[in-house]
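What follows is a pair of complexes built around chain A, which joins chain B in one and chain C in the other.
What follows is the complex of A and B.
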């Protein structure tokens, strides 16, 4: 707790500045009737939530997953099914979605963590595709047609089912989720769990000799990572009000995008994945909305642009934007310092 | 008896790396484990610390049968070790490396960090505390491994060639350090190639050759043992 208070105090100016901008922006967009940037902001936040969650497992724990669409999809479907079949409000459903995703993560972790390095990565891709196929053929959840929630008929129902026009309200909800996540992850990363995960990433044998049970800590990371990725799925459900297996279990636009956002921002930095999402998503959205939709024969151009962006980043800043800023001395590399030495 | 190794056999396919080796280590001792290259010293270390399961035999630590226990379980029981080929956590700082070792006894991160700095002051790496482990030279990396194991506050430390590759000044520094560690009540079992060092510091020496124990005794006894001389220098042809 001291650590958290210290960190907040040290970065207070930035925190206030960023919070004020983020709190004012959606309201300003609404006033000026600018749904496009508001929607882009929502997507930035959604991907930031997921990339941060992914980074606990991939960046801190060194377990590179390209299958996080599984948790996104499970979270999205859970929120949707609760709303549609059981009239459970997504205010609760989003959290339940995160929890179901986290349990899914634990179940998958048992076989997946028997594999190391690239074998683990390949298996996560396979699991993602398997989930897509299962949901396509599973009639109870709508099969390949997907699911749509009931339409709210009153103001009260709009609040209950979180159905509002435009992206504006959802930006605030996503901000809340991201804030909660940053708080939880900051505490986790600076605790024994965070250090043990990094030890596992650097050298599993050395970690074991220091008393770390790698499997247990990978499972802890998986649980937290899947939880917040699942909440990202819940946000998707309330924002877009339509869930289908092709969209939510997509290898490229979910699993790979999360990974790229993390890598572009910098996986060895706490806030890197957020930075990555705020660079990567607007570029993608701009190209998709402004160029691809006007010139349909360039379909897929936004993915191509992202590929080029990733290539450039890997060449000039292999540690991501935050790693590059650290090298340039713009930001300081975070190292563990005892509280007494902070001043 | 702190550690008892009883008839341990470890085979890799057809190769018998450790062949029916037994010896004890008493609390408070410094025991040297020597032998020519390929004698099975590191394999035996890996069996004791839980990285390998022996094909036969038993390892008893603090009176508990720990045969086949996993490395992290051994660590929690009070066994610290270093690696012959050093394994620092390269992307982390020196202080973070050592703090991770300390977390086994001090789960609170800032307490572990405080403990780590204490250990680093003791081992002489304090000035490097915020350096990334990958920027250290070999001597410093070895000292880092030692610091990390020390931070675990173990009962027994297995040191796998912490001296090999150091220059004479550094050797003396590490030897003094080990004596100091031992005085604090930590038992040491060390594999070492540098004879001068092992002979100087060990109270007792176990000699392995081709996976078998060929001698055991004080440094003088072992140094004059014809079987040991033969293993190191070869048989005199008549």
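What follows is the complex of A and C.
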């Protein structure tokens, strides 16, 4: 706790500035009737939540997953099914969704963490596809048609099922989830768990010889990572009110986008994935809304732009925007970068 | 549910025929993986380029798909060499994360670049003599698939002879066995890299050309084939080119038989599960050498 208080005290000015901007922005967008920036802000926050969670495994633990759509989808479906079949409010459902995703993560971790480096990555991609195919054929969860909640009939129901017009309310909910996540992750990465994970990333055998059980700490990281990714799925459910296997288990728009957010922002920086989301989502959303929506003939341009962005970052600044800023001395380095990258 | 011996037999034939196409894509992946130790996530998208090239050559210039095979190989070979020089060369010694994200970026650029250029439409290529059907008793074999199977055997044989008989082929194998030792023996390793990458994606493009004669052509068609190619390469033993050919056919048969017994949608689940089981139990694959 002292650690947290110190960190908050040190960065108080920035924190107040960013919080005030983020708290005022959605209200301002609503007043001025600007749904586009509000929606982009929501997506920035949703991808930031997932990329931060993903980075605990990828950046700190060195386990590059391109299958996080599994946890996103499980979270989204759990929230939806609780709401649709059992009338459970998503205020609770989002947390349950995160928990079910976390349990799924533990179950998958048992076989997957026996694999190292790119074998792990390949297996996560395969697991993502398996989940998509199973949900397509699983009739109880709507099969390929997906699920839709009933429409709220009263103000009380709107509050109970969190159904509001426009993206504005959801931005505040996403802000709440991101704040909670940043708190938890900050405590985790600055505890011994965070340092053990980095040791495992650097040299798994050396970490083991010093008495760190890699499997146990990877499982802890997986639990937390899957939990918050699942909450991201719950946010998707309440915001878009429609869940189908093609959207929530998508390799490109979920698993790869999360990776892009992490890489662009910098995976060896605590806040990097948030920075990455706030850079790549507005670019992609702008192209999608301004060009692709108007000229459907050019469908795919928004993803093509991301490919170019990802390539430039991978070749020129593999440590992302935050890593680049750290190298230039603009930002102080807080997380150790891998030894193999130090010249 | 009763499944007759005849439908099992046709499923087996179907599996072998489609599996030979999977093999072409997977052999290229295995070649690149074995020689450069780089996983090319964009492998299937070079296949898609081959399919589109064949389509446009037929539609615009009336060139027969079988005659477009060398053109398809040559064009995509050049594109592969450009990719190798511009991207892959810079990430050879980079950390694993940068290698994966860079080839994923190439995937996004090719796949969605093609979608922007060609439009998000599905196209079909129908050539009259390839649309015929041959009957061997109860088994029905479409002409286009039989041709694809025969061409894949020829391509594999040519690749085999190239790797065993020519200086370049032997040098490629030397680099795949030991990069430093090959370098010390006077082999130009960076030249071998662009040759390997060009051939690797070129073979995949031949697969695309053959696929175009019976499969819907779409800019995003590669998604499924890339995943299968990974499964096949891992199954056949990573880096083993001919292991990839055999295991491609095994995966093809597995899929068509599970489509018959389980369900057509879940046939891919069987292949993906097999993949995870293989990397857990025997990561060196069926034909891979123990390291």
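Rule of thumb we're sticking to: the second predicted complex is superposed on the first by the 334 of 343 C-alpha atoms of A that agree within 3 Å, B and C clash if a C-alpha of one lies under 4 Å from a C-alpha of the other, contacts with A are read in each partner's own complex, and residues count from 1 in each chain.
The criterion applied here is as follows: a contact is a pair of C-beta atoms (placed from the backbone, for glycine too) under 8 Å apart; a residue touches a chain by one contact, two chains touch by 3 or more.
For clarity, every value in this text was computed on a predicted model and none was experimentally measured.
Look at chain A after the overlay: chain B and chain C fit there side by side. Of the two partner chains, chain B is the only one that A:203 touches; chain C does not reach it. Of the two partner chains placed by the overlay, neither chain B nor chain C lies in contact with A:107. Set against each other, chain B and chain C touch different numbers of residues in chain A, with C touching more. In the superposition on chain A, A:192 contacts chain B only, with no contact to chain C. Draw one line from the C-alpha centre of chain A to that of chain B and another to that of chain C; the angle between them is 80°, to the nearest 10. Shared-chain residue A:213: touches chain B; no touch with chain C.
In the superposition on chain A, contact of A:4 is made with neither chain B nor chain C. When the two complexes are overlaid on their common chain A, residue A:126 makes contact with chain C while staying clear of chain B. Legend: residue contacts after superposition of the two complexes on their common chain; A:179 is shown touching neither chain B nor chain C. Of all Cα pairs linking chain B with chain C in the superposition, the shortest spans 12 Å. Looking at chain A, you'll find residues 338, 340 touch chain B in one structure and chain C in the other.
Chain contact summary for the complex, chain A toward chain C: residues 58, 64, 66, 111, 114-115, 117-119, 121-123, 125-127, 129-130, 133-134, 136-137, 251-252, 256, 259, 263, 267, 296-301, 303-304, 306-308, 310-311, 313-315, 318, 338, 340-341.
Those residues of chain A that touch chain B in the shared complex are 2-3, 190-192, 194-196, 198-199, 201-203, 205-214, 268, 335-340.
Contact residues of chain B toward chain A in the complex are 49-51, 70-72, 75-76, 80-81, 83, 87-93, 95-96, 99-101, 103-104, 107-110, 112-114, 117, 130, 148-149, 152.
Per the touch definition, chain C reaches chain A in the complex via residues 39, 87, 90-91, 94-98, 100-102, 104-109, 111-113, 115-116, 119-120, 219, 223, 227, 230-231, 234, 263, 265-266, 268-269, 272-273, 275-276, 279-280, 283.
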